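In the two complexes below, chain A is the common chain; its partner is chain B in one and chain C in the other.
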Partner chain A sequence: MSEKVNLNVNGLEIESDPNKLLIEACEDSGIHIPRFCWHKRLDPVGMCRMCLVEVETPRGKMLVPSCTTEVSDEMVVDTESDVVKKAQEGVLEFLLINHPLDCPICDKAGECPLQDQTMAYGPGESRFVEEKRHFEKPINISEIILLDRERCILCARCTRFSDEISGDPLIEFIQRGNKTEVNTFPNEPFKSYFSGNTVQICPVGALTSTSYRFKARPWDLKSIRSTCNGCPTGCSIELNSSQNKMLRILGVDNDAVNQGWMCDKGRYNFEYLNSDSRLKTPLKMTDNELVEIEIQDVYSELAEFIKDRQTKVNFLLGSNLTNEDYVAFREFSNTISKSERSFYLNDDLLYKGFFGENIELAKIDDLNSSDAIVVWAEDLKEKLPVLYLRIRQAVKNGVKLVVFGHTNETLSDIADVFYGKDMVSENFEILKDLSKMKEINNLVAGKNITAILGKSTPYQSDESVTKLFEFLNSNANSKVLNAYSKGNTYGAFQTLENLKGLNDFVNDISKDNTDLLFIVGADPIGRSVYSNQIKSIIKSIDTVVTLDNFNHETSELSDYVVPISSTLGEKEGTFTNIEFRTSRIDKLVPSPGQTLSDWEFITSLMNFAGLTVETNSLEDLNRKAYENLDSSLSPVFDNLDKPSNLDGMINIFNPKIAASENKLNKTMFFTGEKLYGDSATERHSDSISMLGSKKFIEVSESVAEKYNLTSGSCILAQDELEVTVSYEVNNSFPNDLVYIPTNRRELNKFDFSREIMIIPSQVKEALNVN
Partner chain B sequence: MSWDDKLLKQAKKIIKLYPQKRSALGPLLHLAQSKDGYISDDSISVISDLVGITEVQVKSVSTFYSMYKQEPTGKYLLSVCKSISCEINNSSEVINKVQEFTGLNNNETDEDELFTFEAVECIGACGGAPAVQVNYETVEGVTPENAINMCKWLKETKPDVVVADEMQENFGGVKSFDWAIQDNSGSTSTAPGFQTLNTTKVKK
Partner chain C sequence: MKETLLLTKNMRDNPEDSHLIDSYEKNNGYSTAKKTILESSPEKILEEIKASNIRGRGGAGFPTGVKWGFLAEDEDRYLVINADESEPGTFKDRILLERDPHQLIEGIIITCFSANIKEAFIYIRGEYAKPARRVQQAVEQAYQKGYLGKNIFGSDVNLDIVVHLGAGAYICGEETALLNSLEGRRGEPRLKPPYFPAVKGLYMKPTLVNNVETISSVPWIIENGGKEYNKLGVEGSTGTRIFSLSGHVNNPGNYEIEMGSSFGEFVETLGGGIKNNKKVKAYIPGGASAPWFRGDQLDIKMTIDDVANNNSMLGSGAVVMMDEDTNLVSAAKSIVSFFAHESCGQCTPCREGTTWLEMILDRIASGRGRTSDMNLLLDVCDNISPGLSWPPKMTTICPLGPSAVSPITSLMNDFRDEVESLIPTKVLL
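This part shows the complex of A and B:
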């Protein structure tokens, strides 16, 4: 570590790392300098001049912007002199010249840096008598983001974010001088998975979201810190509610994880909490119809089954449970039967992964300190969005990037080496001998590597990924980040044993070994590629109990449906992210009707059935979850609530995954999931529901030619099933490859091990006429 | 793509002159200006593909600089300087006369798409004030009468190339200084005449 430098600020001696910006060094020492454009996670631009301070120079004192000036030893700074005050007043007077008097109707009012800094540093009056500039009031720059250009103070935070951080610069300054505005290119909206971040960092109310606009005043908001359970990145978040309604989610700057950012799905997929369609009362299948039933009756009827020691019980668990919920199911299972059992996770892609004695697991922060990152996994931008941002950041800091196709094309833009169709076959096998490939050897041999590995699609062989892993392991000093992509998968890893995915569920489960099946927070029929098989299994099983927030295709075939509270905002517990960092999930709003947490339901059921219950409270479950860990290191509530642990606690763990190799037939179609889909929660979140509704496929050039696709849409057909989809030609696909996103309903209903016909829509029309 | 092969070839030649593609943005915008007389959204899309930045990033640059026109221009872009040296030397009368002759307000183009008129800030010819540019070819020491004569000449002969030296001789007056080099090449469009852009020609 290099030497510190010493500065004198306002007569106080402060110490700082060299190369720090003055504004940051002051902040670290508790001296606040007002600012609009500077943001700790963005490159400085010196746009707004709000941060001017006086610095002594050989030519006397000079006003300099502290956000673009680096500290130096023996620097003498004044942040409060009369000259500085005058400058601040001047800057604010200028900024307010064109700023409308919108505060009474502005979402930002009450938490607005422009309001606050005008109050603290402003001149108190304006000399401007001319007319302010006018723009059409908010314009939609995307389906979810609005821009009010009159309110914009041209700080370039939003444009820098989209350029530097998310890499989709679809907004920019247009025109110059007094006419400057932020805008998009005509007919090219600000379509970004990260656009909500710009709303959060805009220092005025210029950028707003359709979901929060006019919903609340900041001073009415209740807030609590929690963790997003949308994917295993586990972003730190703040939940905001008013009058017991969840209204907004903000990113919290957790340096090791999300650094303040979130993806838009994590940010906006919450409106379903307030939906009228939420399940509020238990239901029972009676004469082919789900009818309301008292929860007491559910308990006593199920208790009868459970008391009968002959009843064979199995569990299919979703990935959005808290660790405590998982433990509750584990305890339940241990109590009813001592024999070893498997837990099935609602995941098509669960495979063995890379764990064990000789494998070093990576942390997210290792990305920044590696020499190179090697990625072969599902599309990280779609599945682990903020991890994708962290990769971008590492690359920006000079880390090399090697990407394998056919799912991570978005990263190929910034990759040093991209191995596309020449290197990876349509079956997702690496075609060439890696040890003979010069580029990758130059980048990895003997270097520190973080390998982000996972299966890209269910039919890909486990072995193909293992090959890459072994190559890296023997040639480089590599750490692995296993890229499982569903919610709290790592929490399940930490708390459950013998984990299997849906592939094994389909092979293992039948009415012979299961009388009672619990399906918790999962709609495999609506989402899995094994939809049809799962459907027949569920139909054959005597008693199926579904616990979820909404009715869906799976619950509609169940015998009992129990409404449960959402892990987002309605539950307390813990969550474990991709690097085994466990942090708090917290509760801010009550859950509707008779909903319960999963653990509450299971615990009551156990009591009803007269079983011994050792874990009667959330705290018991929380302790039980980590009983094998050293108590000072374990993420029990008491430890997590310490201020130093708010960002979570890492306990690397070797999970017991019992998933067996997938034996799917390979066809032309490879399945995956997009960030947005049409799951029950997304359908009931009005602001984003349209984003995942489009049905489409991506086809290689050869497929487009072969099937004569010209009109932009086509029909997929198999047996009785016909779905009209639009298609996009993806030039980086090898011949004869079609991508199909299965988190758009209907598209998962095909049998992917058999041929699916592609019919151009004009042909279909012609047929219909005859 | 709305650019023909010849133009695309030209564009690729220009891009090759720079270490990074995006550095060619400025010249490519001039090229677009020479093609259409303004920067069309179509051209922006083409350029965005060529240099690998987004369309709005191209738009941001093209709307920042006033030499990239956002509206179509006529065959001749008449830019009369209105800054201080020229103003002192009677440029407002030059402006009046040109406006009278063409019937145009600032930044307007006539129906025949012959003239676009603009009053501009200093064009760096203060020593020869008042100065006028026709398609960025500078003429110095232009009296109100000569400004009219020049407009008439443009209207009647409609030259395909306008050459600074030639116009200076016929319609100019006092010059900043003598360049001492004869240059009989000039501009062929409302973009400045640059050899690399192929927007210049020698007048025979």
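This part shows the complex of A and C:
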């Protein structure tokens, strides 16, 4: 540890770490210096000049920006002198002369740093009598972000975020001097997965989102801290509601996890909560039609079924349940059958992964302290977006990056070594002997490595990833982050033993071993690559009960449909992220209609069936979930609600995953998911409904050539199924490879183990004419 | 008074072809560089530069030898010639680039040899199309002769020169903005600290940034010795200097003289006096950023220190005369307009303040001023340059904002009556 330095600020002696910026050192000691451009997570630029303070120098007192000045020992600083106050008033007057002062219609009013600091430090009146600067207001810079350049104070927070943090600098300063404005480039919208962060850090109302615009005033908002359950990164978030409607989600600066950032899907995929299409009453299949039924009748009819101890029950659980929900299903299952059983998770990428006594599991923060990061997984920007940001941050701090796989383009631009198609075959196998590759050996041999490992597609053999893992394990001091990418997968790991994936579900489940199937928060027919097989399984099973927020292709074939609360904002519970950090999921808005939490449904059902119920409340389930852990370290509500544990508690865990390898035939097609798709929640969230609706495929150059793809679109055909898609040629693919994003309706319906025809649309048109 | 021609001798003697390598070499051109490379040592060159006591000709007047000595050690170091001459009233570098580019190149060769630099950049103002063409041609000729490139003059010394044209921004004359622009970024001054060019300059490598005139002086200094150069001019302002004279004078133009005579003598003799025998109301001693002198201050000596002691600066050597008929409010307004137009837009006080000052001056000049504008003008200036002192303090990253304040403080200190006379008395606000 380096020694502390002592400085004198406003006559007070304060202590600080060396190399800290003056503005931070003062902040740590409770001395607030006003600022606009400075942001803890961005490089300082010293542009707004609001944080000027007086520092004593050999040449007398000097005004210096505290956001670019490092502390030094015996520094004497005045943040409140007359000169400083005059400078602050001056800067605020300058910022306001061209500001429209349209606070009465501005979303930011009430939580606006410009407003607040004008009140605290401003001159109180304006001496500006000329015409203000005018711009067209506001302009759409993407489908979801609007920019009002009149309100902008040119602090460069948005431009720095997109340049330094997200790495897609689509928003920049143009012009100069008094004409300077922030804008996008011609014909290049601000199409970033992280654009919502710029709205959150904008210190004025210049950047607004279509989602929240004109919806509420900040002083009317209720807010609560929670955890995003969109992917296993588990970003800390704040939920905002007004009049019992969820209106906004903000990122919370959890230093160890998301550092305040979020992806746009996490930020805006909540609007479905307020959708009129939500399931609000239980339904029962009667004469091939789902008709409304009282919940008591669902309970009593299913209870009859369950009382018969011969009934064979199975569960297909979605990845968006809380840990308490998972425990409720576990307890239910244990009560009705003592034999060991499996739970099936709605995840076609579930495989055994790298866990065990001899494997050290990594934390997200290990990325920053590693010598190098090695990645082979799905495209992290698409699947674990904020983890992707943390990798970018580590690389910016000097950590080396090795990336495998032709499907990981989004990291290739910052990778020190990118092993693309020359190294990884079309079947996702490593082509060359790693021990003979000089670059990777230089970067990893004997070094501290964080390996992020996962399968890139369900059709990838486990062996190929294992090969990389074994190389790293024997050559480097490696820690592993298993990159499963679905919601609360790690919570399921922690609470359910013998967890299996969809591949096993298809192989295991049939009417012979299942009379009653619960499908919870999952639409495997509408979403997974096993759509057709699962459809016939479900059709064959006697009674299928689906629990979900919306009707979907799977629920439409069910015997009972139970409307449930959304894990986002409508439930309490816990969530476990990729590093086994468990944190709070909290409730802010009432659950609509007759919706109820999964655990409430299953517990009530047990009571109706007269089963012994040990866990009758959420608290019981929460305690039960962590009963094996040391009570002071376990993430039970009492512990998580302590202020020191708001960022979550890590309990490294070695799950027993029973998933078996997918042995399907490999074809030229491989599947995956993009960040945005067209699931029910996405379709019913206005902001992002258009972002994932486009049906497209990516093809290698050789495929485009072979199939004479020239017109921009083509038709995928197999048996009776024909889907028109646009295509993009992806040069990083090896020959003869086609990527199909299956989180779009219809595209998951093909049998990917058999050939799919690609017909150029011009050929199809000619056929139709004939 | 007479001119002393060191830098402008070749172009005066050979007006037809002074920019061509044959003409330059006929007059012993490149012989100093050749001798230096083959016979001298970096330390000796630095000693001569220090002995000459030459101070930078770009405006700040920093001792050149000291600057070279500050350059941090690194495998990669760069020399950047600041040829972004844009200060209103200044046009001296233009003739050096256009009419004697080989003298500059020879200076670069010697400088790089002394500082162990292998790559130099000449950043030329975007509007200087002809000078840039001439410099490019000269660089190509020097490469052909083997004076640039690998093993120059047959030695083991390598040197490359890149000629780069700016895109029309005054601020790129500020050395760190210039480096940003050269790297392909927005031309905005960098934060100092931590980005001092001598430590973290071009591509974050130690970089020497020198003015065209400074480096063009190097061949003469090395050929004749630092001591000889030091004999010219006066103590603190040694050597000759090219002054760009403009405004209401009979003979505007560039004049290379030894520093030390008075502005009055300079204007009366070489400048041929004020047009139509008018009196001088005010004059700018060193470019648009410099505070003005009154007509009764013509006996101030043309040295860096004398001008500084009178609260202005010799700057880039641009002397602008304004006769008794000049509307000084309009004059100040046109200077402030220039700075408002050229502000990079980074710092709030400069971005917003300079335009506001321009608007207020415009109102006063057009008879729409208010009595409260007198204090307002000074207070807005104070918010850009606290205390309105000289040398200026600033609330900004670079001195561009305070430069717009200079003419206004001059106006308000020395010609307040003239400003007040333009404000309609009936308007009491």
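Simple rule for what comes next: the second predicted complex is superposed on the first by the 770 of 770 C-alpha atoms of A that agree within 3 Å, B and C clash if a C-alpha of one lies under 4 Å from a C-alpha of the other, contacts with A are read in each partner's own complex, and residues count from 1 in each chain.
Assume a residue touches a chain if its C-beta (ideal position, glycine included) is under 8 Å from a C-beta of that chain, and two chains touch if they have at least 3 such contacts.
Being a predicted model, the structure only gives us computed values, none of them experimental.
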Chain C versus chain B on the shared chain A, clash or fit after superposition: clash
Contacts of A:I153 with chain B and chain C, given as first, second, both or neither: second
Partner chain(s) touched by A:Y707 [first = chain B, second = chain C, both, neither]: neither
Greater chain A contact set [chain C / chain B]: C
Touching partner for A:K86 - first (chain B), second (chain C), both, neither: second
Which superposed partner A:F185 touches (first chain B, second chain C, both, neither): first
Touched partner set for A:F653, first chain B, second chain C, both or neither: neither
Touching partner for A:R176 - first (chain B), second (chain C), both, neither: both
Colliding stretch - chain C into chain B, listed as 206-214, 242-250 or 368-376: 242-250
On chain A, the residue positions that both chain B and chain C contact, one per complex: 173, 175-176
Contact footprint of chain A on chain B as seen in their complex: 41, 44, 53-57, 59-60, 63-66
Chain A - residues contacting chain B, complex: 168-176, 183-186, 188
Interface residues, chain A side, partner chain C - complex: 44-50, 52, 62-63, 68-70, 83, 86-87, 89-91, 93-95, 97-98, 127-128, 130, 153-154, 173, 175-180
Chain A-facing residues of chain C, complex: 169, 171, 186-187, 191, 193, 340-349, 351-356, 359, 363, 372, 376, 382-384, 386, 393-397
